[in-house]
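By letter and in written order, the chains are A, B, C and D; residue numbering begins at 1 in each of them.
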Amino acid sequence: MSEQVSASVPALRLEAIVKTFPGVRALDGVSFDVMPGEVHALMGENGAGKSTLMKVLGGIHQPDSGRIIVSETPVKMSSPLEAKHKGIVFIHQELSLAKELTVAENIYLGELPRKRFGLVDWQALFDKTNTILQRLKVGFDARTRVGDLSIANQQMVEIARALTHEAKAVIFDEPTASLTDAEKTVLFEVIDDLKSHGVGIIYISHRMEEIFKITDRISVLRDGQYRGTLETAETTEEDITQLMIGRKLDLTRHASDHELGEVALEVKGLSCGSLYKDISFKVRAGEVVGFYGLVGAGRTEIAETLFGLRTPTGGCIVLEGQEVEISSPVDAINLGISLVPENRKEQGLVLGMNCRDNMTLPQVSDLTAGPFVSDGAEIAIFDHYYDKLEIKTPSWKQQAGNLSGGNQQKIVIGKWLSMHPKVLIVDEPTRGIDVGSKSEIHKLIRDLASQGYAVVVISSEMPEVLQVSDRIVAMYSGRIMREFTSEEVTEDSLIQAISGLGDNSGQAA
Amino acid sequence: AEYRIGITQNNVGVDSYQTTYDQSFKEAVEANDSVEAVVLDAGGDVARQIAQIEDLIQQQVQAIIIWPTNGEAVIPAVRKAKNAGIPVIVTNSNIAEAGFDFVKSFSGPDNITQGSRSAEIMCDKFKEMGIETTAQVVQISGQPGYTTAIERQKGFDDRLPEVCPDVTVLETQPGDWNREKSQKVMEAFLVKYDKIDGVYAGDDNMGVGALNAAKAAGREGIIFVGATNFAVGYEAMEKGEYWGSIYQSPVDDAKAALKTAIDVLDGKEVPFLNYFDTPKITQDNMSNFTKPVF
Amino acid sequence: MNNESRTRLIKKGAIWGFILFELVFFSVAGSYLSLSESAFMDLDNMLLLLKQSAPIGIIALGMTIIMINGNIDLSVGATYALAAIVMLDSMTWPVFAGFGDWVIPVSWILALMTGVALGAVNGLIVWKTGVDAFIVTLGAMLGYRGLVFMYNGEEPTSHLNWTLVDFAEAQFLGLHTATWFLLAVVGGLWFLMNRTVHGRNAYAIGDNREAAVNAGIRVGPHMMINFMLIGFLAALSAVVFYSESGSVNPNDGELFELWAITAVVLGGTKLTGGAGSIVSTLGGVIAIQLLRKGLGYIGAGTETVNLVIGLILIAVLFLDRQLNIKAKGELKV
Amino acid sequence: MAGGFSRSNIGGLLAKQGILIAFVIFMIGFTIANERFLAPENVMGVVRSSAILGVMALGVTFVVISGNLDLSVGSMMSFSTIVVLDLHDKIGPALAIPAMFAMTLCLGAFIGFLVGYLKLNSLIVTLGMLSAIHGLTLTYSGGKNMDIADKDGTWFAVFGQSSALGIPVPILIFGLLAAVLGMVLAKTPFGRKVYAVGGNGVAATFSGIRRARVVFTCYLLSAFCVATAGLIQASRSLGSQNTVGQGLELEVLAAVILGGASLLGGSGTIFKTIVGVLILGFIQNGLLLVGLQFYAQYVVTWVIIILAVWLDIAAKRGRLLSPIA
């Protein structure tokens, strides 16, 4: 495979790709090319068709028309296997791992090295894997069971697959969603390395800072249509968003301009086994408290405890001055707590159910006329949040599973807003959400606060917490390291706190 | 106790005949100080039965009584018992001829004769009614594959043309020894055939199921003949709805098996085919019989 | 992590612990309740136990790989009966009249081919139509049973060949022929699942089918191979068993699938696929056979056997769950 | 080749009405083969004898939509039949019926507790219960057939044998129960929760649905249907064997699947289940009428189940063959 590829021949070229799903034209004549040694960003709003386009490339979907050209040869990707053989490696947005198998088997899934008679060549497998793992500087072994790894490490296993192949093109679909900064750095090194070997890279992400850091060119999709390609070096965030959503964004911090009310939620010395210890904080009505930390810091577990999904081993929860016992989500909902969970596909939505029914699920027992569910009441709720959140779906009858990730997230948010909670907890509210919707969601959170809601925002994205929070709680390894007001917080101090380097760390460890 | 006997039965609990047999056998053992028994049930599964025979051999019982789930499949296992010096007595449903060398005796009803007798009962009744030249009959057989079912059907099918050559058997379908299944089968027969004069069912349980179907459809004048007179069959005969059956008592069956085994162990001569009598019972002579207990 | 591998070890050992418990229980209970003079834990009795475990055991081992693969096969009982019919009947076919005892291997091969063919039909349907294996094989369970009846009506199919019976009854190094077959299947499947690419891919498919597809594993052919394998094993089970008994009723093998699944579950194979062990399934099979044997040994009646086996199954499932419960504060979903 | 399938009208029609179309084709086929097939008394007969299966299938539909299985319904039906017959003579029908319902509901509650609250796998739990309940029935009856002593003098026979407005009572019970349960499933909050729990149990919990309680209730409903079926059965023949319901669990499941409920949970309707039940009933009856042996029915049922489910999902995914490589 040492043919000389001249830099002027694209590693990968897409020509007028069209793909329709029943009722949706997901891709409408998309064309662009990726040069060898280039990192090419693919951007677009939720539902713009990025994942679909990549699935067409990866052989998972068949295009209705259009051509895919790899190193000047038109190819037909009829299966993921074929795509792999044609030199296209796909790192998926959702983890795509067999949890019971070892790291090595997962990295070489589908192409285990063989000896005679179809036997697995374990020696070769582990050797090759260990080489890759060293390159990735991860702290686990080739023989570890993947299910025993943290989510971030599982993501690294997924990424390791990019290195197994003589790839012509590697596709990363939102690889950084659950990575820590250290791991992100390693990932970027890997990308650099691939680049220097002349591999073309397609990089999908909603995070601007990454885009500007590592990509060379940016192609933008909007509503399934190709909107153009920009040189990263010659462009600005505004240009991109302009292309993506057709208008300018308001990226300023939303200052709090309203009076804060009484303390709505107070948590005192809450602990839960080894997950988190001695957590105390207050949220007042009209206030947004951001929880910032790395993946695995225990923020989600706190939220789940407040929502009655885990039994705390110590401490207490006080709601509007009353100490309360929350032993199930039903209790939590009755007390006026809502939780927008972190994993929308597994926890947020019944994917086979239509959008409306998903949205009204927590209150379906109350939306009755006689013994039956009232259609009108349900549709009214759906329509309200459909407009308010600008959800993109042909109708409420669409199955939630057919919506793009971002629109799915909006359904979940709508579901919990419609409960008019006193305390709204949102866990990673904008994970996988495009910039346009993201700023709307931020604005929404601020609006809610000004209407008197107490809001807890859990996020792993610093710009997000900085933008929406009145106060920020920094967590590290199951403990609260520091609390900041929006006035005193700086990026540096925040990073220090969540890395366990803050002034508190000595005592806390 | 003097003798230790093992028994492996076909499928206890599937109908009251087998259950009553099981209980009667245990009672008979209880009543007899000279024997104790390991009582096993194959649950209708031939593999389990063979395993049980092996277990009994391994436990060194002095005689084995077997109610075969399949008259042929148990032959090698029975041979093993013989080779181990353990006499084998077959009960209720015989094993195939190839295995006769390995068993001491068979004790039970003669199912082929039973089938023949049912044919005779039916034919006699047709003659009495004067429809022996035109009558049409349907048959509901027992569970497919069971020796008893096969033998009764054979006995009936062979004998009927001999005694009533002009009677036609329209169709035979299995009722699985199951009243409900039989009722369903009969419902379909009733729709399909406008003229049904007689129904032969492999046992009274199924016969009564067929009777229920006929009653529900309002079809009268059908002659029902069964076998193994169950209490429900006896009652239906009392009411005049059901014509006849074959009287066969599981108590006799069980006692005969135990007695044969003890006789063998005592060293007495026993006939190889040790049939106990299963007489015809019809509305005409039923007062000579006590009502079955099952 | 150390902790996790320890609980995993405990889980693997659980079935053997249960077997030990049964042995002790029946030995003790037997000394009060049993009429037999010989002890329960007698060597010959244990050898018999292995032999008697073979028919369901071989099928259960096949079921293990099907379930690891993320499928299920409810049609094995019918396949077993049909293969048995082919084996016994083919020995009497005029074509083979001059073969003498060489008809035996021929009929074996025919029976095994029947099993493979029936498995292939299931596999092909699952693969090409995308209908769930539970439904496909539930249908086949009826359909194949229908074929069994069509072959010979309601009559049993019988052919006793004493050479064959002698072979099947033989003992070599103390173990019965059937036991050797059982152990060979255990060895073969263990090797297949742990050492070959096919085996590892089968695990991956059962674990996360989408991931396997994304990785370019050809899910269809692997599933097809496994269905052919279980068809083969169901036929092998029939070959082993009917070589000795020589006659098959058309309803033989009914409920075998349920017993096989029970054994597989007792052995700890995950119902959703992706995890499971061949050796543990052997443990599950032995545990069931021991239970049946032991209950007979202490003189339990039919109703007790049914009640106990049903409740034990539930109890084991319950214990398995208790073993899996993590620390306090677990997510309550 | 398969691509055009989705957009053709046939595809869309099949997707929604595949089962109904198959049903109609079979009815036409059998009618051509035997003109008696559509005779009113035959149709009535089939529906009446399908009523028992149908009543059970209604309950199992709830269980299947909630994402579980129930293999114990056959065994449980034997239990309730035997119990009500036994109690009929002991305490009289007026008390026997509620007592039997209570006992059957206890069994259902036990299963519901195991599957709902303890979260044990339903396939294995109900498999175990299939065996255990059979043992229980045998213990209860001593293994004997159970018959009512005075068969002519009891009003108990109304549930199985009489007619009202010219329609046999079993059909009326089936119809009434189907209407009520159909409304419950399609229109009430509880029904919605059943779909949610079956579609995604975790998300349902996160939405404040008490998943365990929903599953538990589904098993109770199933047990209620089984008890009703046992009542009809007992009343119909006024006597029964211990094995009366044996094997029905698979027929019930086949009917529910034919109706298009996914075994993964989250989909299916009462109406479709009824169609599934009727298809099975008419196939059985039709084959008997054309004089085929009972085993032909096995093979035909096999082919129909697979074709029906295949067409159903083929239409949903828009191509005939599965995309699995």
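Just so it is clear, contacts are C-beta pairs under 8 Å (C-beta built on N, C-alpha and C of every residue); 3 or more make two chains touch, one makes a residue touch a chain.
Here's who's who by UniProt: A = ATP-binding cassette domain-containing protein; C = Autoinducer 2 import system permease protein LsrD; D = ABC transporter permease.
Treat the numbers as computed from the prediction; the structure is a model and nothing was measured.
Steps from chain B to chain D (ABC transporter permease), minimised over paths through touching chains, total 1. Any chain bridging chain A and chain C, meaning touching each of them, is among D; the list is complete. By number of C-beta pairs in contact, chains C-D lead all other pairings. One inter-chain figure worth recording: chain C and chain D (ABC transporter permease) are separated by 29 Å, centre to centre, where each centre is the mean of the chain's CA atoms. With centres taken as mean Cα positions, chain D (ABC transporter permease) sits 43 Å from chain A.
Per-chain CA centroids place chain A at a distance of 71 Å from chain B.
With each centre defined as the average position of its C-alpha atoms, the distance from chain B to chain C rounds to 33 Å.
Shared contact sites, meaning residues of chain A that touch two or more other chains, fall at 79-81, 309, 328. Multi-chain contact residues of chain D (ABC transporter permease) (touching two or more other chains) are listed as 134, 138, 143, 202, 205-206, 293-294, 325. Annotation for chain C: residues 149, 153, 213, 216, 218, 302-303, 305, 332-333 touch two or more other chains. All chain pairs that count as touching, in label order, are A-C, A-D, B-C, B-D, C-D. Taken in their complex, chain B has these residues touching chain D (ABC transporter permease): 12-16, 18-20, 22-23, 171, 173-174, 177-180, 183-185, 187-192, 205, 208-209, 212, 216-217, 230-232, 235, 294.
Contacts from chain D (ABC transporter permease) toward chain C in the complex involve residues 114, 118-121, 123-125, 127-136, 138-139, 143, 201-202, 205-206, 211, 250, 253-254, 257, 262-264, 293-299, 301-303, 305-306, 309-310, 313-314, 317, 321-325. Against chain C, in their complex, chain A makes its touches with residues 58, 60, 79-84, 90, 92, 96-101, 105, 109-112, 114, 117-120, 148, 272-275, 301, 304-305, 308-313, 328. Residues 34, 36, 39, 41-42, 45, 49, 134, 138, 142-145, 147, 151, 161, 233, 236-237, 239-244, 284-285, 288-289, 291, 293-294 of chain D (ABC transporter permease) are the ones touching chain B in the complex. Touching chain A in their complex are the following residues of chain C: 1, 4, 195-198, 200-201, 203-204, 207-208, 210-218, 274-275, 327-333.
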